[in-house]
Amino acid sequence: MSAAPVLTGPLTATGVPIELRDLSAAYGERVILQDLTLSIAAGERVALVGASGGGKTTLLRALAGLTSTQGTLRIGTGAPVRTRVMFQEDRLLPWLGALDNVALGLPRPDRFRAARALRDVGLAGRERAYPHELSGGQRQRVALARALAHRPDLLLLDEPFGALDALTRADMHALLDTLLTDTGATTLLITHDLEEALKLTDRVLLLADGQIREDLTVALPHPRRRTDVEDLRAHLERLLH
Amino acid sequence: MSAAPVLTGPLTATGVPIELRDLSAAYGERVILQDLTLSIAAGERVALVGASGGGKTTLLRALAGLTSTQGTLRIGTGAPVRTRVMFQEDRLLPWLGALDNVALGLPRPDRFRAARALRDVGLAGRERAYPHELSGGQRQRVALARALAHRPDLLLLDEPFGALDALTRADMHALLDTLLTDTGATTLLITHDLEEALKLTDRVLLLADGQIREDLTVALPHPRRRTDVEDLRAHLERLLH
Amino acid sequence: MTVGARSRERARPEVQAAGTPSRRPGRAWQGEWIRWLVPLLVVLGWQLAASTGLLNPRVLPAPSAVITAAWELARSGELGRHFLISLQRAGLGILIGGGLGFTFGILTGTFRAANLLLDTTFQMIRTIPNLALIPLVILWFGIGESGKVFLIALATFFPVYLNTLHGVTGIDPRLTEMARVYGLSPLDTFRRVTLPGALPGVLVGVRYALGISWLALVVSESFGASSGIGFLAMDAREFFRTDVIVLAIVIYALIGKAADALVRTLERRLLPWQVSA
Amino acid sequence: MTVGARSRERARPEVQAAGTPSRRPGRAWQGEWIRWLVPLLVVLGWQLAASTGLLNPRVLPAPSAVITAAWELARSGELGRHFLISLQRAGLGILIGGGLGFTFGILTGTFRAANLLLDTTFQMIRTIPNLALIPLVILWFGIGESGKVFLIALATFFPVYLNTLHGVTGIDPRLTEMARVYGLSPLDTFRRVTLPGALPGVLVGVRYALGISWLALVVSESFGASSGIGFLAMDAREFFRTDVIVLAIVIYALIGKAADALVRTLERRLLPWQVSA
Amino acid sequence: VTFTIGYQKGGIPNILKARGTLDRYAAQGIDFRWVLFTAGPPLLEAANAGAVDFGSVGNAPGVFALAGGADLKYVGVTVNNSDTTEAVIVPKNSGIQKVSDLKGKRIGVARGSSAHAFLYSVLRSAGLTFKDVTVVPLLPPDARPAFENGSIDAWVIWDPFLTTALQGSGGRVLRDHTGLGRGDNYHLVPGSVLQNPEKKRALQVLLAELESAANWANVNRQTVINQFSDELGIPKSVLAVTVPKSVPFNIRPFRTSDLKPLQTLAVAFREAGVLPRDVPFGPQTYVTLPAFRAALPTLGLK
């Protein structure tokens, strides 16, 4: 795979601030989030880590307006917010080829970005492949391209690199890093990879027992290499165990 | 999550040898595996790594008899082989609860193993949850429990831990390690995590360009700790870059 | 129930205080009566048109006249008798036709050989009208109950068959593949994969069959019968009883509603796992 | 087509030499003729029974007699005329009824309000027999073509409606949710998600509608018509022309086959993405 | 003006249609349309709904239509000259020898048809009622196979089905109309036609032409047989029997005295329990139009 070039295009996105106060969410009797309070500044990049089943996806869905919650949930400053979600599953439309899946919902003048995004995630030449003709990692990359091609104000990524090998993953990291630096979207990245969290974001949140248990700021310049974050990683790992 | 106890029960599985000679597979014009040759001894644990889209899943499907191939593919010594596959997607039946999904296809006297397997993957209490009521990582663990409860002769795992956080993943590693040591099933583990490959298997195969490009033997006693495999990992990473 | 995208970019409310819980049983009930709105309006408009003389009662009697006819027939026990015998015929026909349709739908959906052998034949029989078959049915079955039940079974066979077949072929092939790899017995494959996977489709077929069985009744009660709702309707037509004709139509409509409610209940019971339920 | 699990544990062939490619166009074609096996056997058995005198020709004429009747009707141009006029009525009826069924199925599947308002009404109308409606149809449409087309449209409306509705509600809600999050316009949601997702179901409805339209023809050509296949069948019935009666049945069966082939082609064309195709 | 004629196969209207005589009135502004019906009740249904301006039916359907409150009026009668156009038949080798043997038997009949009324009088002639037998409602096409395979023991049927059944399936006549009175055919119009002067004129033209057609048919019997055979698909051997029974073909204005047999019929059905109420026969149920053919010159047509 070639090193991913930058997803270029007009800069339309501007980050939005997020304000959660005493946010609770439950499925029936099962309480998932309890009185969670959190502020995220406009354009901030935040990673969310936590145990499997801990409620990360639930929080992300709440931010996307897909889960009903109780408490205060304030996103943006009143203007419409362009939110895009990369779900934990790929959610590609089985009846559309890769390119059409990426172009989904893009206004006509922005369609060209779809082909570019597909190329950037290393899938040039597979534009017409149906999702069932792609490998798991390829499908995940199509979903990533779809989320990125939209230039959202608020980008919510739910384990976007889980099915990728180390090399491809590094390419995708670089791609996302550049894109975020270019556009300044407020970003929430759910990941199981601490190194990834530390490399890509400015703040790592640990979700446990329905609350934000740790809130670690990563004050390092982008792009970061692995060695830059080695110490922090060790620190975080100790916190987690 | 508590440390996973052992999946106990009668030892019915015995590993089978695998012999591939000049195996080729293609989707239409797109050649995925080309004259691939590989021997795996009975009871051997093998990891398969490689780039996204490189053909790992295709090879696994060929071993499971799900993809038509050309060339020689010999599994076992003639007797019926009990193969179980944990697919890259969870492939849970949406209309069955977690426990019923795990018990799927288990002969009646072995049903008790389903509940035990579910407990071992940390999902005690969620027996009746439908797949859509589980988180991504929980679904993956149900699928893992299903594959393990069967005690196969040949166990094929396609990225079984991709959606798990570090702690849960470590638990699952321990679980799998114990189970494999107990039963001696021949195992093929597809993973993107080199450390995982080195910790759990005795041999790491690198698939590239439709061929086995590297074949690294890991001669260390089980169970292994991370520090045991540090050097090998560095070596492998150099190989991959 | 899916809901269409509303606007391109939704303005998000600044503060979503005390968010609404996702399940609203109150709301659901509240909605139910609306289902009767249109039928009610139709009846009202009809009565209005009749009372104001807009409608010639010789041609379409007023609802009140229909109710009177219903009352008279009901009081004499006639209506109940006709209804019960029709219900019995329809029930038996559906059981046989639906059962066979389901069985063959599963077979042709599961086994390619069965599909090749039988599907074309079924598709050909399907378009043969009941009416055209009556002489043959009388020859084979005489004029007793069996011929009537046969016609209903025939009519209900196809919707169940087609929708079962479609339900089976629509099952995610990845799940079928999984079942094969996990060595499920044919019975388990059927119970655990094929049946639940095809069930939503089967229920659509059942819904359709419940309706069509009453249509088939009209045909099958048009010969050699002196009871049943179909007979009532045809006889009324013969004897120019417009009030009874319309009454029969109303009864049919109510049966349609009952069948719909029945299938809705079945859906709720049998498909608890449906995310969209 | 899915295939059931074969045995609990499959014995794996020791050497799978020169594995078979997954797509076997040869095999596929080879299978096709088998579809005609059963109909052929039926015709053969029937001719045999007729020639050996087992079958009373007054009751069921021999295939040869039917062919003679077909030849005579065809030569005089009668058959072609009846067929064309029926085709025209059926086609128009399907276009209108199927089109409306599709539209309303999408509407009630997409919008809860539409579902609440209309679905019950449709379910109620559905069970009203065409035969019982004839008086009203004559009243509204007179006895021209429009009444006939109306009856066919009515009959074809419901299968398309029901299966479209089921197709829409069966769409994976995760995909619908995704479409909403990605800000798809209503039109895009329809074109990209609802339509392709519902299409397999819609085609089942179309398949059924194609068949039922010819059944509805019989009813609609039973009044005030002197042309059409339905008229031909009913007319022959009136005067015991058993050869023509059976000919009509055969024509219906062939139409069924043609409709089936048409939908199969549509499925291949419109659903290229179907994994199981 | 457009004038729609509802007709059934095999009657005088059918002869007139085949001759095409009415086509020439298009030039006079009267556009005659022909609509075929398979039976009397649906024809009158259409007439009641105003979709048909004229219809010819047997004796029973009109009675039911009037009982049902339809606004229809009798305008003409075709007198039946034969006692053998309708009969109760049994299989040749049946043990039923006389009408009283019908007791407890299954008898196929089309409900609401003239045969239904005929069966009533046949049974009464032997001191039986509908309660003594099992009446199986069957339309002619359905009754035929039922008769063939013994599902019914007797069948009340009219021509041409009667002759076809006698020739084709080994039936035997048990009882015909002899001594029981005959059922005539009637011509009816919706009341609205008589209120519309143009339609009324067209009606008079039609009645006159029907009379001409009847006269023509009486001298061209073989042509009629050939025509019917072609059009109805009935074998000539059957028509050779049935057509002479209809001779002389006739049509005449409805008279007050014609109400009597209809009233008798209504009473029969009332007693049989199939008519819910008495039929209000009276001057409002018919009109007597002046002599048909003789009136033609007065209509101002060429």
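Letters are used for the chains, namely A, B, C, D and E, taken in the order the chains are written, and counting of residues starts over at 1 for each.
Keep in mind that, in the parts below, a residue touches a chain if its C-beta (ideal position, glycine included) is under 8 Å from a C-beta of that chain, and two chains touch if they have at least 3 such contacts.
Note that the structure is a prediction, hence the values are computed from the model and not measured.
Among the remaining chains, those touching chain D as well as chain E are C. Apart from chain E, the touch network of the chains stays a single piece. Of all chain pairs, the one joined by the greatest number of contacting C-beta pairs is C-D.
The chain with its C-alpha centre at the largest distance from the centre of chain A is E.
Rounded to whole angstrom, the centroid-to-centroid distance between chain B and chain D, based on C-alpha atoms, equals 47 Å.
Centre to centre, using the average C-alpha position, chain B and chain E are separated by 85 Å.
For this pair, chain C with chain E, the centres built from the Cα atoms lie 40 Å apart.
Contacts with at least two other chains are made by residues 42, 45, 49, 141, 144-145, 148 of chain E. Within chain B, residues 82, 89 each touch two or more of the remaining chains.
Residue numbers of chain D whose C-beta contacts span two or more other chains: 9-10, 59, 135, 139, 174, 179, 183-185, 188, 222, 234, 237, 275. Residue ranges on chain C touching chain B, taken from their complex, read 174-175, 177-179, 181-185, 188, 192-193, 196-197, 199, 271, 273, 275.
Within the complex formed with chain C, the residues of chain E that make contact are 41-42, 44-45, 48-49, 64-65, 67-71, 108, 111-112, 135-139, 141-142, 144-146, 148-149, 151-152, 274-276. Those residues of chain A lying in contact with chain B across their complex are 1, 27, 49-54, 56-57, 88-89, 133-138, 141, 158-159, 162-169, 192, 194, 237, 240-241. Taken together, the chain D residues at the contact with chain C in this complex read 1-6, 8-10, 31-32, 34-39, 42, 59-60, 109-112, 115-121, 123-133, 135-136, 139, 158-159, 162-163, 166, 168-171, 173-174, 176, 179-180, 183-186, 188-190, 194, 200-201, 204, 207-208, 211, 214-215, 218-219, 222, 230, 233-234, 237, 242, 245, 248-249, 252-257, 259-260, 275-276. Note for the complex: chain B touches chain C at residues 64, 66, 82-85, 87, 89, 91, 93-96, 100, 104-105, 130, 132, 146, 150.
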